[in-house]
Every structure is written in C-alpha cells, then in structure tokens.
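Worksheet: one structure, shown below.
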Amino acid sequence: MLLQQYSSIRRHSETICKPLEIEDYVVQPIADVSPPKWHLGHTTWFFETFILKPNFKGYEEYNPKYNFVFNSYYESVGARVVRTDRGNLSRPSVTDVYRYRAYVDEQMEAFLQSDSIADDVAALLELGLNHEQQHQELLYSDIKYILGHNPLFPVYSTNNVFNESITPSTDFIDVQRGVYQIGYNGNGFCFDNELGRHNVYLDDFEIAANPVTNAEYLLFIKDGGYTNFRHWHSEGWDWVRQNAAQAPLYWHFIDGMWMHYTLNGLHEVDPNSAVCHINFYEASAFASWKGMRLPTEAEWEVASGLFNWGDRWEWTNSAYLAYPGFKKEAGAIGEYNGKFMVSQMVLRGASVATPPGHSRNTYRNFFHPRHQWQFTGIRLVK
Amino acid sequence: MLLQQYSSIRRHSETICKPLEIEDYVVQPIADVSPPKWHLGHTTWFFETFILKPNFKGYEEYNPKYNFVFNSYYESVGARVVRTDRGNLSRPSVTDVYRYRAYVDEQMEAFLQSDSIADDVAALLELGLNHEQQHQELLYSDIKYILGHNPLFPVYSTNNVFNESITPSTDFIDVQRGVYQIGYNGNGFCFDNELGRHNVYLDDFEIAANPVTNAEYLLFIKDGGYTNFRHWHSEGWDWVRQNAAQAPLYWHFIDGMWMHYTLNGLHEVDPNSAVCHINFYEASAFASWKGMRLPTEAEWEVASGLFNWGDRWEWTNSAYLAYPGFKKEAGAIGEYNGKFMVSQMVLRGASVATPPGHSRNTYRNFFHPRHQWQFTGIRLVK
Amino acid sequence: MLLQQYSSIRRHSETICKPLEIEDYVVQPIADVSPPKWHLGHTTWFFETFILKPNFKGYEEYNPKYNFVFNSYYESVGARVVRTDRGNLSRPSVTDVYRYRAYVDEQMEAFLQSDSIADDVAALLELGLNHEQQHQELLYSDIKYILGHNPLFPVYSTNNVFNESITPSTDFIDVQRGVYQIGYNGNGFCFDNELGRHNVYLDDFEIAANPVTNAEYLLFIKDGGYTNFRHWHSEGWDWVRQNAAQAPLYWHFIDGMWMHYTLNGLHEVDPNSAVCHINFYEASAFASWKGMRLPTEAEWEVASGLFNWGDRWEWTNSAYLAYPGFKKEAGAIGEYNGKFMVSQMVLRGASVATPPGHSRNTYRNFFHPRHQWQFTGIRLVK
Amino acid sequence: MLLQQYSSIRRHSETICKPLEIEDYVVQPIADVSPPKWHLGHTTWFFETFILKPNFKGYEEYNPKYNFVFNSYYESVGARVVRTDRGNLSRPSVTDVYRYRAYVDEQMEAFLQSDSIADDVAALLELGLNHEQQHQELLYSDIKYILGHNPLFPVYSTNNVFNESITPSTDFIDVQRGVYQIGYNGNGFCFDNELGRHNVYLDDFEIAANPVTNAEYLLFIKDGGYTNFRHWHSEGWDWVRQNAAQAPLYWHFIDGMWMHYTLNGLHEVDPNSAVCHINFYEASAFASWKGMRLPTEAEWEVASGLFNWGDRWEWTNSAYLAYPGFKKEAGAIGEYNGKFMVSQMVLRGASVATPPGHSRNTYRNFFHPRHQWQFTGIRLVK
C-alpha cells in the first residue's frame, strides 16, 4: 500500500514535467521560483537523506555533492546552494536528475518491501510524500512563471490543464457567534502546524459562498483600485508604486482587451473564473474597496463545511503563527514549519494545482504578503 | 483644562530635547530614526494641519513649504520628504522649528480659549496630544540611537534619566482557561486599533511575574544563543548572520566585560535590570532557548492586572492585525493605524521612556520584528 | 612668511563657512558631499597628524578619537569613519571643531616660529596648505549641494559670491602639430601627479577660445539632447535614464522658464555664463551633438596660454593615469594621488570656487565621469 | 571565398559548443556571462538584421520576436531583453536556436552566391564575421565561467583545449625614445577604434619578453599581495575587501595546494603557464609589488614585434579612449565601439581562446578594470 502510494506520488511529479523542454527545467527567473529540475532533485534528496541514509542498511549515497545542491533550507543537514543561485547550475543535468530519481526510487522500493517499517520511519515517509505533493503544486506555479515570463509565451499544454468548479454567486452564509474548535484532530496525516486543536471564540459573521470572480475584480480595476491609496496597506501601496502594479500577475492589456497567460497560453480573461494570482495586498485592498474584509483563518475553518472551496488558495487576514501548544519536532524535521512563523499570512483551502488527496480544511498554507505567483484568490466576509 | 494639558504636553517634548546640542537635532543615522527637530516640527504640523487650518478662522499658515517637510505618512495631505531623506535637511533650522512651535502654540492657545470646541475637534486635539506623546518616546529612542552610535559616546545627561522599577523574580502566575474580553471599553482616550472589545478564548497559561533580566539574557549569550540556528526563526537567523549579531543593541564587549550605552553614557551592564533593545527575533529565540514562549497579546492583556509592567515594551507573539469590527476613521486620520496592519508584531505594556499618563493595558504598540531601537524587553509564558 | 601664509589660508576656510547655520555644517545628502564641519576638522587633522605629532616635541594630541572621525582615506593612518556615515555624526559639535582648529593653529604657529623647519617638513606643510585649499573648493561645492537640495532653497549670501570673467565668443584657436612638453617644471609647489615633464606628440587641432555658455547648452536641451541616445556613451545613457536627467544639476524648469539655484538663491539661468555642473557624460554628449570633441589634457595644457581659463573645471577626454615616470611618495602621503588613477577623467583649469593662488595650467583635477556637483564646464575642440 | 569564410567561421561557433549539455546553453550566473545559446542566436541575429533584411530581396524574417530576445545593445534596433535577464529565458530552445542558425545560414549562402555584393554590404559582412569571432572567444570565457562555478566542476573536454606557447623567461627588451606611429594602416579588416594611425612620443622603456607566470604570481600571493593596500588602487582595494579576493579567478586552495579550474577540470596550478583570469586591479598591484608598471597601449604596440604574444590578453595602463580623428560610423554599426569609450581599460594582444585569424597587433580590446573572466594576463615594463 505504502509502496503503491509512494510510486504513484513520485510518478505524478514527473507527469507534471512531461510537457517541458530540457531548457525549461533549468531557469530561475526570480528567487521564489525554483528550476523544475531542482524540485525533482530536492524531493528525491528528502527521501535519500531522511529515510534511506539513516534507515536502509548498506544504502550507498548516490552522489555526496548532491546534498549541497538539493538541500533547501535545512540548516541541520549542512551547507546548501544559496536560493537565488539555483538557476545558475546547469549540472546536474536533467538526465542526471532523472537518473538520481530512478536510483532512489529503486532503493526506496526495496526498502519499502522489507519486513517492517518502524513507526517513526513511516511517519517520515508520509511527511516525505506530502512534501513531494507540496512541490508538485510549486512545480505548476514555477513552470507557469517560467513560461509566462518568456516573451514568446510558450504553451505548456493544449489540453485543459485544470478543472475549475466555480459557479458565480453572490450569496453569503451566516455563522453564529460562539466558542468553536479549530485544528486537526483526525487520524490521518497533517503537518505539525495544524496540531493542537483548540478553542476559539468567534463573533457573528457572514462569509461568501464563492470566491471573487475576474468580473468583480475588473470592476475594482476600472474603479481605479490600483491608483487609490486609501484601500491599501502602507506596505501594499509601496508595492503598487514600485512595481507599477495595475492588475493580477499574468494579466496583459493588449489592444484594448485584458488577456491573461495560462498554462494553455495567452487568452482573454474569463469573467466567470475566480480571480487568481493576486497577493495579500491586492486581496485586502479589494475587500476594503468592497467595504468588506478577509476572513480570519478560524472563521474560514469553522465555516468551511458550508461552502465549496479548492479552486484558489484563499488569503486570510491571519498571520502565520503557532497554535497554542505548538511543539517543534526534534531534529531536521523540526525545521519544516515552525521557523517560518513570522512575517507571513495564512492561506486556506487548496487550488486547482493542489494534487488530489492533498487538501484538508485544517491545512495552513503561508506566504509573504507580496507573493502573487501561487494560485491565490479572495473570499469575502462581512 | 484642555489648554493646560496642551501646554504641559507640548513643553515636555522640549524638555526632552533640552540637553541636546544643535547638531544632535539634525542627523538621521538610519531610516527609522528621525532627526529630533523633525519630531518637533512634525508634531506641530499635526496641530496646524488638522486643528488650526480647518477650524480656526483667519489662521495663517506659518510656511506652506513646511507641509512638504513635516508630513510623515499622510498620503491624503500631499507630497512629503522621503523618510530616508529627513537627515539631509539642514533647514528649517532648530531655531526656526522652535519659532514654528511657538507660533502654532500661541495660535492653539488662542483657539482653545475661544468659546466652544466642537466634539470632533476635541477628539482630534486629544489624538494630537497622544500623537505628540508617542513622538516623545520616539525622541528618547532616536536621541539614544544618535548619541549611542557616535564614536565619542556623548552623555545625554549626568542625572538619572529613567526610573526602573524591577525587582528580579522568577515567579510565574497562573491564568485559567476561559472566554475573556479584550479591547478598550473605558471613557477616556484610546487609539482606534484598541476598539472593538471582544471575546477571546484562552487556554490555561502561566505568565512570568517579571520581565527577563540582563543576567538571564547573558546566560543565553554565553550558552551560544547567537550561534545556534535552532532557536531562531529563519528570518531571524538571516538577521543574525547579516548583522553578525551577538548581543542586544548598545552592548559592547570591551576588555572582557559587557558594557552598554545608556543615556548616562557607557556603563557596565546591570545584571538586575530588564534586558532592553532586543528585537522580536531575539525575544523569540530567547524564549525558545528557555523552552518557553512569548505571550499572545490577549494573554498579556488578560493577565496584566496580575503583574507589574511599564519598564519595557514587551514583545508578544501576536501579529498586528485588526480587531473584529475594526473601522478606519474617515479622512487623513484614518491613515493613523489601520494601514500598518501587516508584517508587524504587537508589543504590550509601556517603557521607562513612555510619557506619564500615556499607558493603558489595552495599548497596542507595533513594530517590525527586526527593530531593536525601542525600549523593548521579554516576558515569558509557559 | 610661511606663518602668514598658513594663517591666511586657514582663515579662508572659516570665512567660507561664515554664512552657515550650525545645522548646515552637519548634513551629508550624498556620499560625495561631506559635512562642512568634517572638512574643517579633516584639514586640521592633516596638520596635526603629519606635522605636529611627528615633528613638534611635546605636542599633545587634541583628542585621540578624532583620528577615527577625521581621517579621510589614509589606510596607513588607521581606521576611519565610513565615508557615507560622516553625516550621521552630530559630535564633535561645530564649536568643538572650531576649538580643535584653534588649538592646532596655536600649536602650528608656535611650531612655525621655532628656529628651523626641516625641508621635508616644509614640503609637508606646503602640501597641507594646498590640501586645505582643495577642501576650500569642496566646501563651496558641498555647501551648494546641501543648500541647493533643500526644499526651502536657502540663500548662502545676498552678495555676489563669485566673479565670472567670461565674454561669450565663438572663436577657435589653431595649434600646430608637433612634439610638445607637458607636466610641471617650475620651482613652486605642485602635486606629485603633475611631475615628470615629458614629450607628447600632438596633431593639428583647433580649440575654443571660450567655454560653452548656458545659451549654447540650452540649444542642446531644446534639440532633444537628453532624449537622443546617439550622442551619449552607453554608460552615460544609462545615467540619463536612471536619473531622468534633462538639464545640468541645479536647473529647474519652473512656470515655463529655466531657473537655477546658485549660492545667491534661485534665479533665471543666465544665457551668457559658462554652463556649469555638468558631468563628463553631458560634456561629451554636448560635444558629439556639436560635431566636435573634448580636448585631451595634453592639448589643453599646450594651448592653455592662448585662451582665458579659470571659471570652470573643464572636462577633458583624458583618463586620469600616471605620467611616464610617476613615482608614489613613501608613507601615507604616497596615498595622496596615485591610488585614484583608475576610472576617473581629468579636468583642467580651475573654477570660480578655486581659491586664489591655487591654480596652474599643469594642475590635474579628476573626478568620476558621473559627477556633476563640482563647478565643471566644457571647452570644445574641432 | 567569402562564402567559404562565412561557413567556416559559423561552423567554428558550433564546434565550440559541441561538448555542452543542453542545460549548459541556458544559464547566466552573472550579468557579464551570457548563456551560450544567446551567443549563438545573437550572432545570427546580426547577419539577419544588418545583411539579410536590408539587402536580400524577399527575405522573410525568421521570427519577429527574436529581435527582442537577441539584440544586445543596439539602441537603434529597438527594445531588447534586459542583459541580466538573458538567463531567465528557457525559450527559444537550443534546438530552435540551431534551427534559426540553419535558416539564416541557408539564406546567407544563397545571398552570398548572388551576383554581386555591394562594397558596403561586404564591409558589413566582414564586420559580422569578426563580430562572430569575438563571440567565439566570449563563448569560451562564458562556458568556463558556467562550468567553473558549478559545485560539480564538470569537465568541458578531456582533450587539451588550448595550446600554450610560453617559455618562461625574465628577459626585458629595450625600446628607444622617439616619435612612433600606432593604429591600423593595412588593407585588411580592422575595427573602427583602431583607425587613425597617428604619431605618439615615447620615452625609453624596457618591456618583458614574456608574460608573468603562475610561479611569479604565487610569490606575490605568498608575500601578502592581497593583504597589503599599498600596492592597490583605492578602487581595487575596495574590490579585494568586498570579494575577499586572495587569488586569480578559478584558483582554489585545497588541502594545502593551489588548484585551478580549467576547461579540462580541476588541476594543480602549473607554475610555468602565464597567470590568467586576473583583473586590472590585480595586474596593477602585481606590477607595483614588483616595483615595475604595466605598459601603455602605445608602448605595447610599438614593441609588439619584439616579443611573442597571443596567450593572454595583456592589461595595459591605457584607458579605452578615442584615437585622434576617431569617427563613429553612421547607423546602428556606429554603436559598435565608440559608445563604450569611458571607464574601461585597454587590453592588447590576444589569448589562447581567440579564434585563429582574429588577432592583430593594433587590436584594442577593452574591459572594465574589475573583470577577471577573460583570459587575461600581465606583461611588465620597467
């Protein structure tokens, strides 16, 4: 079972990369976007470093220098290539990275067929698989950024890449005040930052049944949303001016019409899809313009059973901080989440790019408020 | 009464500056530190712009160009000198700024003696006075930075500048779980960000009766606190390395002894005072090293009746965000607080530099997590 | 005689600063502009460090920390305040700096009255006096920058500060090809970089009898000089775009008219004065637009007897490099000139701000090509 | 003949790239280093833009968007990808670039077989071929940088890539004072910056028969050359400190031994080869340490018949400036050389990476003084 799950998840990463040219695997147009071959190598390094090397007797490391190349941010596991430099590395080649994957997969499969996997190793394995799924979503975001910032606007696929499920609606759902519980308490997998189910007190609120659409967002643009400082955080307004921002990422005003780049190429903006690729500043300014606000993550989680979600990561007005009783895990794995708990905002839900089986209503995604390159959207509260 | 309060607060700003040389009023060693003469002019500009010009018939603006020089961040009130450029302006001279103050004070006194002050103007006046008090604390912080970063280490005063009230103790106070209320609900003045008294649910916690002392902080330093990434946020660890940080701001290791610069000059670190001038990263790393944590702002406020506070602004683990039901005021005053509600952490309490009468247990101070130059300290929770 | 010269030159620096407010002595709006009090202290430090301390028995250093504050770029003489930080230092105060001058002057006068000054010390003294004269010109440039970049445009003096001697003319002077000699060979003072009189071969050339006037430069502006890349060096064109340059420094287009800031305040541009405060890129672009070129420093020096010069430092098309046979002096004084012989262009002549008695036709002034803040102009060659 | 020359030169660029992996064609580790596929595309774009489009009737542009991607610095020919962004472009793919080359080559061959090539077009063609040869040398420099900065130190070739011709010697050659002529005056091709053969006067000098070897440079390192500011320009000393420089580029001190990366991989430094990959600051500091100096470009050219050259580009102490009588060509081609004549130093000779047939003793190569990544060396003068 574990073996099958392992193989299936590992294959999915490669499927995502199938439409790429070799060259697309290599570049890093901004620090936040990693080269696809780096994602493929880094997720592999995770299994090699945390599962095989400490637990599989006789395992021979594929290449000791790969630790330096494919470590992301684990201080405990030694020196690493500075993040902004990943795009300078032409080697290991894409072929080498796939060979590395094949080698580690073969060893992992042998390991998983062995008699008994200790519980703590099984837990690490599950973490590794969820980690790879996180990178699958990053692969989509990063590939879109790489292709969408090329002057030739290459098409990733001529097939429909994502299924969107939104039916526009302007309904709001009432939630009554009271003490609620949030945080994970199931038996399955969750990240450490979801643990510590705890009470929160919420006041009455109404939450939108649907995310904001492109049509609604266009009204904000047309009403001068990007030129009126009143709707923006001070930091957001600085961002608008420094970047001459005037629309979501990937939108281009061409011959009097708003077009946007998608993985299917450059197309007219679809008024009925949920707005996508906006940062926290934009989400918040839009809400202010509407005279509403963003939900807190507690509000979102409590109400999440009452609406459909999953097309866009939805910005909340909650900073990414520890839940009461949060405990870092020992060792390198303890660096997974806790050390990022400052200066970031929580996003809830999931997106069209999230792999199947990788979403929960307790999932706490987080990014710096300036980031647009994820599949992010807005759900309003009033 | 109002008149007397006005005069007394206005005089206090000038008293703080009395020990300065003319030159000390002018410089801006880092963007966050404003020249003292700018503080004196800016607080005056506030009364001129928001009280006198719109409300005092026949008022003649002192100098129309001063709006450009002394506006801080009010987009609604026109162009302003970029914050990092304040220290490039030798004019208006210190004498001119004091003349400007005298002129505005004279007019304000005339205005306040007139028959009747409308309620909304009285509210603005109260805001202006609290605003000036905030700048009084900044004057202390900024003067300390200016003198404390001069290679001659000039002495601000040979008298004791601040009275500290700490009696070291390692007691912790128990608080029981339950729904509590936080936020301002008195009849006096408060800032808009304190409003919206609301319920919060808190779990059991124990909070320290006293802030962390220099002696305790020294143990952290000696135990390698600044060289062990495990205690730090990722962003904090970057800060440590980029700044080669190894102690609180103003600490110098001289001839085998830890000295620190105070407004009384360079002296040996006092083991029994509360540690001061540490940023959120340091506060948080210290707590992690102790196996404890920082309080949330709700915990702090709920427990605040049970301990002494007021010597140090105490970092909480709460991000600075809107309370439920927060409403921005209309007009320029609406820019006072709301637009900063992102990427900052809340500090609670007050410090030795806070003017008398300017503290409340609902007061929400906020700074970016990297800032050390305020009179900040640590209170632990376990 | 030496004593009289010493006193007279030292007094002149103070005369230049007389119209300043205390505050004007302190600021450093850009790295290239030093605070006037720093100039006053640094020139004093030169005499104390190189004359008094090594040569005057029993001399007591005024304040050992001043070496750190007032050293400019002499690596041999210990640590120094980073250049961009000079404007952060409120202390020593202006009064302290004048006290330091008075102390050193008193000691210097005592020293100069003593029996006999060794030849090498006399040479250092002469260097120190020329050094102070160089800083007198910098005082004018830096004061102009400080006041001219203040939004209040303060007037330095209501008297005419400089006498300009230009009578517009479009004459060109012929010089015949041949081997000429350049470099200093008199008996008076010169800098080490002028030494090594040597042969150069020059082709025929014609050199303008007068520098380019504001009227001529305005034609360049009106003809789109700042918007046509063809006239500019690649590096110059980058400079134009990054700075949105469209006129010389201190020029402002106000209500349809070109005004410029002078030490007498903001006035209409005088069409008949020589254009001033342009950098090498601008000088060179102007020459290209005219279909002419800038002189080499050898051409300038050879022809210098045939025209009037001294109102503007004239950009040449010669890079600042060693003359054949150039030798660095031993010790700290060897750092005076040689170590700057890369990436700078030579200017010849002198300017209205050059102190009397401080000009020679062999004088090699040098600045980076981007600098505008000196009293620089253009002389054409065809 | 022209056709044969065209084909042979075009093939050579591709031969240089033959050992590369696809990924190596794509990256741009620093702004100065361009991706190899960009070189291949840009040289092709040159022929398409300047020869085919204006002169070959019926020529159909390969892809109009390529102008944007492959223009380097020709302002006259429209917008272009910002230089630091070249490494962000995964498309056009390497295959596409080779297709582009094949298409343009086919068209060029058809064009060159047509009846008569006008003289001005023939001149442009010759320029285009020399331009491609310049990029062949850049291909070597850039490939070396890309592979040499990869933590895996990939080997470009296991065959000897370059033939070095140096026989170490400490001889110096005397040249007598007098008026000499420099500049090109042959009948073949030269760049516009070599034209204007003119007289120069030179004093007596002695010039080394050979470039400085690694063994000699090691003595400089061992004698503390990189830690003694006295040998360095001020700007060079800043460079040393900012980069913690302690040896030429590509040198690594490993297990007590100096190794260097070459296109054959990481090897022990050969004491008998000419030192390579040093910048002007290093060349100049080395000369100062030896008590000697670098030649001027006139000295180099005049003496060039008396020694062997061609293994290293040799830094001169001449800034890159126009020769007397220099004239920019009309049109885009006029941007080729003239606009770079500021802030750069001249290098003379050629290097092992220079293509055969692409060197002349009048050739004026030029780079900013900080650059190390070319095949640069030192020849001393005393």
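In order of appearance the chains are A, B, C and D, and numbering begins at 1 in each one.
Note that in this section a contact is a pair of C-beta atoms (placed from the backbone, for glycine too) under 8 Å apart; a residue touches a chain by one contact, two chains touch by 3 or more.
Remember, it's a predicted structure, so these values are computed and weren't measured experimentally.
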item: Path length in steps (a step moves to a chain that is touched) from chain A to chain C; value: 2
item: Relative to chain B, chain with the most remote C-alpha centre; value: D
item: Whole-Å separation of chain centres (CA-atom averages), chain B against chain D; value: 57
item: Geometric centre distance via CA averages, chain D-chain C, whole Å; value: 36
item: For chain B paired with chain C, centre-to-centre distance based on mean C-alpha positions, whole Å; value: 44
item: Per-residue overlap in chain B, given as positions that touch at least 2 other chains; value: none
item: Chain contact topology (line, ring, star, complete or other); value: ring
item: All chain pairs that touch each other; value: A-B, A-D, B-C, C-D
item: Residue ranges of chain D in contact with chain C within the complex; value: 73, 75-76, 177, 179, 198-201, 203, 229-230, 232-237, 280-281, 284, 293, 317-319, 321-322, 324-325, 334, 339-343, 345, 369
item: Of all residues in chain A, those that touch chain D in their complex; value: 21-29, 37, 65, 68-69, 81, 85, 87-94, 146-147, 149-152, 154
